[in-house]
């Protein structure tokens, strides 16, 4: 039953390259507020920012055997995404696996469990987003799956989907939607830049977004003191 | 029903200025161990330290509309305090709102919910204490209240009260007690400084605080080994 | 009933010195995956790394009186280990106690509760691993025990046991096992170093650990696409 | 500094009696969605339902001394409300204190901490809403305050305010607003009853609340299959 | 963008009927240990057991408007599955909605958020599995989606998939796999029944499963006392 | 390295029998407030109450193989105590293992992890105290230890120690202290009974425990209103 899928379709390089520098919050908004991983996914050091296609790995709790199978499926630019079949905070990943991934050109790890050796990972500059930091090691007894769809930190991730991660967290963009979403990200970023200039100049959001009439309609009252209510 | 109170009384500037450099732990002790916000309120970067009067903002879960109403009520030196009406970790606040607040001279944000764009907020040097970091954005559909008393992270905060925040967390001082508390803070700081000199010289707390007689009275026994018990 | 044990046997200095630089994850593996404290124990700043014998202190919730008793029992090189009798996140420890411990040559604190003044502790370079950061102070009303066995963050710690702590967390090594464990730590570190060279050269864990036959035996199938399953 | 206030003004009996049978969810809605305690407050047995004026008690963590002071301030029909000054799950309250409260006619306990002896409390039919069940006992060393305003489970409660609690949780109604809120509760309950009849008859909320036009306006599309999007 | 899909394909009635009485744990094992929702999903009363096709509903945090849209899509025997787009514990569902669902023949609710009126729901015998019980109500301002694939409590659920829920939790079975899985469930149940007889007769699992040789191979040693190690 | 210790010394039957009916809270107090397991340990049904000697079992996360080894070491009257080597909520235990334990006369289970089949366990009347209820099953790949000292839910438990569990939680009494503690439990229960009579008669704890002078000494002030402070 356990499988390792070898020929996955990845989001194309030229689209990935357009996401370099994109912010997770902007991508999330641009694709209609979906695809965000749970807020407990934290980078082990800051600042950190990556974008690349997902290689997915499903593991048993406390068992990191399949990570070695997954490493072989990774190409330069990939992001390894690991999801346990039940919640676990054990340290699935440390400096040796990071050395191996780095040697293959992998740019980062998304781990819905624990990692360890974070001092060395930080020195190596290998970015990891994880649920926990925990020195507790794993066994290698149970096989799982590589490159099947997984639910990781509450989000569905298919192999080849685009992962974008920064200090705010992690978002997934469907492979087949990545191009369309990128256009909206670019538009949104430009729009935000224009707004930033106005905010810096002291304009209020109430005016920039023309909120006053709708607030009045909803019944917001301005009073001098609470006694006036 | 929703209101925005415009003429709040703030803790006076001359008193606020006496709190610059004051530590949250010292303020909390000085006012008789009260006013502390929950320990889950964390600064997005360290070190960070602020003191200023509160502008309060009550919001619906997942809805940051009222923040724009609150911004207009802020003056230079203010601290914006945001409390959702039920627990929420969504990202209510990002770099655009920070730009707007900074343009008005606001010195920091206390958010009993999530924030995002923390890489940019860190670069901007705009300090935020929050319950969570989460890229999940908000809608703008429900009106709330500005400058009413709120319970934020377990503490009652009135508009105009003094907020002091540092790497240890956040404490609120009642506007009308701020002057009296400050005198105790100063006394306590001086007292601590004197003690620090004695501790550095190797004196023991047992002697500095004359604890030995009371410990004996309470029945503490010194034994060479556990077998002696 | 409350006792302070004065003549504890410590893991010898010459053994402690062999642990300088040892990693928590490696020590944990080397002693057969035991002795790890819970993953919620975090250093207040990073990087941080210590190794030394434990002086143990059992305290009532919200009451830090016994810390002063414990300080007197500490010698240069010791690590103070504090465990409350029921879960508590109050700030048991701040800069004055740190000053006192530092004056006695204590190298760090393991606190299964909260600490405060972390900005100053960071400046002082006094490392602390704790469950929480919380400005909430303590009373001094209830006596506890010093240098008895305690359960701290889920691990049994006897006075004189060896504590090793780094960015990954905290591990305890039994005093009487510390020498034998150290031999395994050294062997393991050398072994890891050799593996790192192979991983850097691009070898796969599948080959370095000869995993392929056993994976096949367990039924792992390689397929081109999920449709092939 | 610690005080016990003896002459508090309670919400009048005739108003309290109108709240018998009122549901927490309805009261919360009726007063404009405020006053709810945190969702972690659970009844120790179900079903349970009370309404009565609050006697408030502020305690140190792990210290239940002040409960005995508070008992003396209670009258028949009162609800005792206990809030620790920092989070604590210790068992502040057991069958002896329940016996004492029951003897005075107190109708229930709201405890933002732990309780114990719940088997006996259940047999006695003394309802308790608490944050935790924990056999860990308390000391009696630190004095606190009785009948001052407290923040309990995230809600501000003044002595004499009305507490309503049922299987859904706990809500507080300001003493001075209790009469006006009750009118809205009654109206709301009648309104809900009328709606229930329509729902039982198979009418849809979409029609009962006339939601279809506004949903269309917001852009909701009905499609046969996802492929139609 | 928001859609309501009206013509979903449901797992057929004759297959659903074969799952009546099936246990969640058995179903989960039978389909290869997948499809389980997070352990925080609890029934509001016990015992409770249902099996039926899912109608899915995606909602904004604190906003239950779409539930009314979803109700109209439900048929007798359906299970309504609700997932918020970010974590929320508000009370999305109470007795009026339950009355409406019951009138349409819906057999239960799976809510990855809070519910309220649980005393009435219990009296009505309408089973609910939820993340929380919380009286906090919702607004009706933001439209979401009905009958799209959702991630609910960590599991991917498509409209029409089979939901099985009991006192242990909730599991989802893909519509297209429901028949094949049911065969394995039946086989597994029979197998367990046979084992139960042997266990009742005092046989050991060590023998029933023939574990002794493999335990020996893995190095398990039997010793009289720990001193023998 | 993994061992199963076969000849453990149990707390004698005649002492165990004296604990029948003893309450966890009373035992905990009687032995000087120690030995309590964490408050997250909950009975799967209420009321439930047991007392018996511990057979201990240390397991890997997500792996319940060793439970079968432990069953063989159990005698009538024993309590099986299971502790994972790192935190885990998987369902280690269900109705088949319960049938096996019951056939051997085991009176209950203490599981610092998850259990499943709780509907059946409840029907069987087999009491379990656990950290979680979760249908997620386990693998059988990794050997652990039986009848070694374990830390279970934060408490050290040696094989043969006495376990007492009821609706309030779980407490462990050292085998060699069980007799002495029992005497104190009996004394304490009698004492509580006497006090209950006085409380029922309306006497106050303030008088029963003669607290008034010490409260005055600590500075407690009685005031009519807060304005009097």
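Note that the chains take the letters A, B, C, D, E and F in the order they are written out, and that residue 1 is the start of every chain.
Please note the rule applied: a contact is a pair of C-beta atoms (placed from the backbone, for glycine too) under 8 Å apart; a residue touches a chain by one contact, two chains touch by 3 or more.
Quick caveat: nothing in here was measured; it's all calculated off a predicted structure.
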| item | value |
| --- | --- |
| Chains contacting each of chain C and chain F, listed by label | A, D |
| Chains touching both chain B and chain F, listed by label | A, C, D, E |
| Proportion of interface numbers common to chain E and chain F (over half same, under half different) | different |
| Chain pair showing more contacts of the two, B-D and A-F | A-F |
| Gap in Å, rounded to a whole number, between the CA centres of chain B and chain A | 30 |
| Whole-Å separation of chain centres (CA-atom averages), chain B against chain E | 42 |
| Sequence positions of chain F contacting 2 or more other chains | 1, 33, 36, 39, 85-87, 89, 134, 136, 142 |
| Graph class of chain-chain contacts, one of line, ring, star, complete, other | other |
| Touch relationships between chains, expressed as pairs | A-B, A-C, A-E, A-F, B-C, B-D, B-E, C-D, C-F, D-E, D-F, E-F |
| Touching residues (chain side chain B, partner chain C) in the complex | 23-25, 28-29, 33, 36, 39, 42, 46-47, 49, 166-169, 171, 192, 195-196, 199-206, 209, 211, 215, 218-226, 229 |
| Chain E partner contacts - residues on chain F that touch it in the complex | 1-8, 65, 67-69, 71-72, 89, 91, 94-97, 99-100, 103-104, 114, 116-119, 122, 132-137, 140, 142-143, 147-148 |
| In the complex with chain A, residue positions of chain E that touch it | 1, 32-34, 36, 38-39, 85-87, 149, 151, 154-156 |
| Chain E-facing residues of chain B, complex | 60-63, 85-90, 134, 136, 139, 141-142 |
